[in-house]
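Right, one structure below, let's go through it.
Think of it as A, B, C, D, E and F in the order they're written, each chain with its own count starting at 1.
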Amino acid sequence: MIYSVLYSAILLSSIGVVAAVVLFIVSKKFYVYENPKISEVEDVLPSANCGGCGSPGCRAFAERLVGSEDISELFCPVGGNDVMKQVADILGKEVAEKDPTVAVVRCQGGCEVRPKTTEYQGPKSCAISALIYSGETDCQFGCLGDGDCVNVCQFDAMYMDDNGLPVVITDKCTSCGACVDACPRNIIEMRPRNKRDLKVFVGCLNEDKGGIARKACNVACIGCSKCEDVCPKDAISMNNNLAYIDAELCTLCRKCVDVCPTHSIIETNFPPKKVKTPKPEEETVAVVKTEAKVESVNNETNA
Amino acid sequence: MSKKESTFLNMTITLFIITLVAGLSLGYVNDLTLEPKAKAKLERKVNALKQVLPEFNNNLVDEVTLIKSDKAKDNVEVYTAKNNDNYVGTAVVGSSEKGYSGLVKIMVGFNPDGSIQNIVVLEQKETPGLGTKMKEVKFLNQFKGKNPSQFNLKPKKDGGDVDALTGATISTRAFGEATQMAYDVYTETKPKN
Amino acid sequence: MDYILILIAAVFVNNIVLSQFLGICPFLGVSNKVSTSIGMSGAVLFVMTLATLVTYLIHQFVLVPSGLEYLRTISFILVIASLVQMVEIILKKVSPPLYQALGVFLPLITTNCAVLGGAILALGLEGGSLLKAVFFAISNSIGFALALIVFASIREQLELANIPKAMQGVPINLLVAGLLSLAFLGFAGLV
Amino acid sequence: MLKTFPKGGVHPEENKLTSSKAIKRMPVPKVVYVPIAQHIGIPAEIIVNQKDKVQKGQVVAKSGGFVSSNIHSPVAGTVTKLDMIVDTSGYKKQCIVIRTDEKDESNQEIPEFPLKKEITMEQKDILQHISDSGIVGLGGATFPSHVKLDLKNDNKVDYLIINGVECEPYLTADHRLMLEKAEEIIVGIQILMKALHINKAVIGIENNKRDAIEVLKKAAADDDRIQVAALQVKYPQGSEKQLIKAIIGREVPKGGLPMDVGVIVHNVGTIFAIYQAVQYDQPLTERVVTVTGKNLEKASNFWVKIGTPIKDLVEEVGGLPEGTRKIVNGGPMMGKAIKNTDVPVTKGTSGILVISEDEASRQEPENCIRCGKCVFVCPMGLEPHLLMNLTEKGMYERAASEDVMTCIECGSCSYVCPSHRPLLDYIRFGKSIVKKLNTAKN
Amino acid sequence: MAEQINQKENFLKGIIKDNPVFVMLLGMCPTLGVTSSAFNGLGMGIATLFVLVMSNIVVSLIKSQIPSKVRIPAFIIIIASFVTIVEMVLEAYIPFLFEQLGIFIPLIVVNCLILGRAEAFASKNNTISSIIDGLGMGLGFTLALTILGATREILGNGSIFDFKFLSDNASTLILFILPPGAFIALAYLTVLFNKTTSSKTN
Amino acid sequence: MADPIIISASPHVHSNKSTKNLMYDVLYALIPAFLVSIYVFGVSALVLTSVAVASCVLFEYVIQKYLLKTTVTVSDGSALITGILLAFNLPSNLPIWMIILGSLVAIGVAKLSFGGLGYNIFNPALVGRVFLLISFPVQMTSWPTAVENNTTLVDAVTSETTLGIIKEGLMYGDTMTTISEKLPSTIDLLLGITGGSAGEMSALALILGGIFLLARKVITWHIPITILVTMTVMTGIFWLINPEQYANPLIHLLSGGAILGAFYMATDLVTSPMTKKGMIVFAIGIGVITVVIRLFGAYPEGVSFAILIMNAFVPLINKYFKPRRFGSPIKSKIV
């Protein structure tokens, strides 16, 4: 009986030795080097695979990070500076701090202020309806309201409100930029997140002349230049009947907000001002304003 | 992590040692279980025999006789049971290829008077829920105590005495045929005392 | 005739995946595209045939004579694992295009029940011979390929369907496999 | 058996309500809105300023590049504004607004030119003239004709096919034109044949316009180079690829042009415009427009100045009927729905279709039942259901490999789908994305 | 590694969060192949559990002695040894189960669950954690197999653990003890599992 | 303006065919066969059909509304057809609870689990039927005897189907000559005075409905005719080789589910290929598999399995038998 034990040991160990020899040859002859740092970097990346960094997925971005000499140009918007610091630690390279950004919706043309003049029938998609015409209202620059941006947001950071406009939940927004790409109208812009998420920006993209714009939408920028005049920092420029606030220059003084006759300029997360007696004809506008503040309340509780 | 370097020598040695240990321990366990394994195999057959035969105490499995039969491909196993050297019955393995899905193999135990003591089904591939019902006691019971010389092993549909399984006349037929074969062999080999 | 029966049995009646439940992991895993499933099938065909050939020889000429049948499992798996690696090396060197097509699937195959299971099943064939065992392995691989490719094409189509959320992913794949297996029951009794 | 293209196609209700209505001349509008992008390609460049006086037929916008075309003032008057006006694309586009000078004689006189048969112009002058006259394809694509006719030497074109099919339901503009200007069209064909050294021409006409077939046959009787082919009634027979296949059996290769099989296709309207330009030096400033709709009192065909607001046309036929829900620029299969009647007529406007409530609404889409009807009717051999699904699920690469780009947007698939799926909507979107991806790749 | 492992979590993860069958889809062949009755499922589960725990122990003990290039073959041998032991023991002492499980016993070797745990866990953690991991995973596997087996047995045979609760004549859904039933039952059990676990986390 | 102008993309007109139309056409086509089944099997056929239809529709409603919480689409009529076709494939004396179970499997498992109408890979009614056949072989293979002008409530007498008689006879070792004495006459087969599933017996009534479907362009000839021709050729060859072992083609065509399957089940739009070439390949597959199962398999009847098996191949067929793209090289190669 002891023989059988012996036999089995001999047989198995000879197979084992043969296997070892074979494997040794394999490992010697066909050695493929892969930088172990790639997987290390990949581990710290958020694995959202959103493409916000410009690479097709996190793994590809990790490869690019490891492969590049200078990674200060590369940035993972989802992970933000924290992640980039970790990456830099792993790679022993410098990263540039990026101001955190957040998506803002530059249109306030909800149902009440921007009357519908036609009815669209077809797939509910901004990109598709934009192919056939300028939308259900007379404004051909504003939001189409079919929510392509909301659909592409992987982080549930957007929703369509009752007014038919998208709203960004700034706390959830990772600034991946997917919505910016999805919007056929370029309504969405990435703007600096600033302290306490304070922002001042023009909530309109209508390039039509004042009268036409105003007729299409109550809160349209009519290109009156009052804000440009009042801005102490020259942060506001006028182009094609439309004001634009340069976030780099803007100091959040909010002088422009008050002078805008159509309330086109949106401020977020500022403490409530002393209540102005609302002028009667501005009732509809007031609705929009409270809407904007609802958003700010949301953010402050979480910030 | 303190992983060892992979060099030719330590790779070979590691695998050698592991396989050696594995081989030794497996050999050892095999030795340990060799006997129980053999016993277990035996027990299965003995169990079947116990079910179909009256009490016996001879070593049936070793005393199997193989009989040639024109109805079966292989030799037919016949077990002669004795209790204290008294002949108490015979178990015959009968089979039929005419099952719904081919082979049906059963073991039939006969009392010395030729009546059926009991039957167990050894192998069958019939349709679950139809032909497989032949394994059920309800079906098997109708054969107990019957002597095939008086009890026609064909299903009633074909003029026999067997209550067919619902929806499985073919299986019943095969079962009857296998039993008949067992009986035929039994009558040929029945000890004449 | 024997061989035809083996083929029909392995491909349709006792399909290795759909009724023997071997190689389910690659069946579920490498079946999202028809093109990859074809590559996988090719790799399985190759490895399975080779593995059955070698293990059959080992069994017949080493294990049985020395009375070491109980080492079947461990020696088979070792041989298969080494074999797969070796094939990988050789393929890489001899035929890079073939390696591109099949090579990526090779590591997956080591831990694939179908190969080990097929090798073990081949030992139990009635009236077994080396040729029969190898033919059996080929038939099984064809059965595997058939199931895998059909399944992959179904999955490609389902990619475009609006499957209820709860059913997405694993459940719907299992369900398709189940219904496929249900349909294949129709071949029962052919052999 | 009448000729037709072999695969696909549908046969919607023809509804040619206006085929017996002779073409009437619209009164000269008070104001015309002339968009600078009336053709495929680069928009023309405006060369007039506000307050400029312009003559009738004067170039007001010059061809802006190789694939572009001149635009002429349809009236004599004053440029009042250069403005953004919603055009047929649904978007505001640059327009030249011209107020008609009521005193200017050229606006009053109705030019009915007598038939002029002999072709005196030299070959290369002909092409130059076509180019100068701002002629673009009037069959719907508005592709600048001089580009199409600018044959490279290595291209052997041996067939001129004249598209008189007018397979769109409702529309009768080409039909009437063929009836009323048959001789001129034949001369136009001869002009092109001379210009391009082609000596085989076929006029393709669907069999629901038998009178036009007769008339043209008679007109072409003296010239045995010109044939008239009667075709089975089937949409989209008018699409050039299908038409070529139907008439001479050649198949334009995937991604290719008619030229690749030695054919040039022109619409009868274009031919007439070429005749006018070559024989009488008239630039393209007016065209035939069918104004139609089941509820219109006086649906008819009109000679309309380019730039006329559609409002004027609608007034002419008795105003928008009660319950109008949709106004289509073009036919019901390929036309574009427009936002309002302020939109001006352009070179591409072949008809105005006014649709009421019950016809206008789309039905709710349901799941695709894989009936394959869209596959059977697609004249291009595509699988519309698959293309739509792929686009919907964002699989543009696969859509591209399934030849989404070869879709001619005929709409047969959407028309026939029993589940009311917006197939073409998605396919068009898919095409736009694939095009973007392709340009990004190059 | 200095990381402190919460042993309770380590144990529980295999049962719910990373359940090898419902979540990780490991070892599908035995899962589908042997579960025609609750008892078979349980038996297979326990056999796997045994191999899993034992190989985890051995691997974690000798992990630092194995050169990384032969890691996988070494693990395979270790696993295969235990599988062979199980095979022999079953054959000797529970022959009935041995026959029922058939080819799936040697196939425990290629059950990705075992190699996966050896590779992903035991080769990186200490012995105690590895045992607990093996126990958790093994129990999760056993549980899943038993549930699947029980479901199929109840539906297909009107019995559970061979205890027949329906009369002999009652019609049962035989389909469920046949191959298609395995796939279909597992499909819907997975849905159920996902539903219950996801509603728990919410 | 009260109602604003509608903007939508072209085309602006639509054919008047809708999914609902198609489904109801199938419904009308099945009426003759339904009447025959009532005539032959009496009230039980009526009960069977109504239970199957009601439960299919109900399951679709309940599952969509309460389980999946999606839009309810019962009004498209597809569940109705699934119900009727399921019923037509069952023996009319099947216990009610089994009918309901079959409907649950057809609708819940085979259809809604895949996302509902249009997304299923396998023919729901057939999945339901095969599920029942395998689960309850006894009940599913004992058919009530056909009686002209049947007025009984419960059929106590069961009988064999034509194919069952042949299969069993051949298994027993009989030859076709002796077996054919037990078979119903060709006229009875045509009219449907024979045992079998509720709706599959009357070849004449089914063909009548099939012609209606062809005329209404709900289906094309490719699938049904190819199936029947393939079956005729296959069985014909075997019959010519040995008429004692193999039944003649006419019996094969007129018995079992051949006609029902060919005209109503294989043609299911959702689960059949989308090109004519594909349809012919699909139909040849069904014909061949059916005959193979009938002649050599365990089951006397193979149409259901054959259709289900070929259903699985449909995505593959669609992939490799695409319509020829306009303007692609004439010899379209199979990629």
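What we mean here is this: a residue touches a chain if its C-beta (ideal position, glycine included) is under 8 Å from a C-beta of that chain, and two chains touch if they have at least 3 such contacts.
The structure presented is a predicted model; accordingly, all values stated were derived computationally and were not measured.
Pairs D-F and A-C differ in how many C-beta pairs touch across them, and the larger number is found at D-F.
Centroid to centroid, with C-alpha atoms defining each point, subunit E and subunit F lie 41 Å apart. Our note on geometry: subunit C versus subunit F, Cα centroid distance of 34 Å, whole angstroms.
If you average the CA atoms of subunit A and of subunit E, the two centres end up 45 Å from each other. Residues of subunit F found to touch two or more other chains are 3, 5-9, 109, 115-116, 118-119, 131, 134-138, 298. The set of subunit C residues that touch two or more partner chains comprises 70-71, 74, 78, 81-82, 162, 166-167, 171-172, 175, 179, 182, 185, 188-189. For subunit A, residues touching at least two other chains, in rising order: 4, 7-8, 11-12, 15-16, 19-20, 23-24, 27, 117-118, 121-122, 128, 131-133. Listed by label, the pairs of touching chains are A-B, A-C, A-D, A-E, A-F, B-C, B-E, B-F, C-D, C-E, C-F, D-F, E-F. Interface residues of subunit B, counted against subunit F in their complex, comprise 98, 100-101, 127, 129-130, 166-167, 169-170, 173.
Residue ranges of subunit F in contact with subunit D, taken from their complex: 3, 5-15, 17-19, 21-22, 73, 76, 78, 115-119, 269-275, 322-328, 330. Across the complex, subunit C is touched by residues 19, 22-23, 26, 30, 100-101 of subunit B. Listed in rising order, the residues of subunit C touching subunit B in the complex are 70-71, 74, 78, 188-189.
Within the complex, the subunit C residues that touch subunit D are 159-160, 162.
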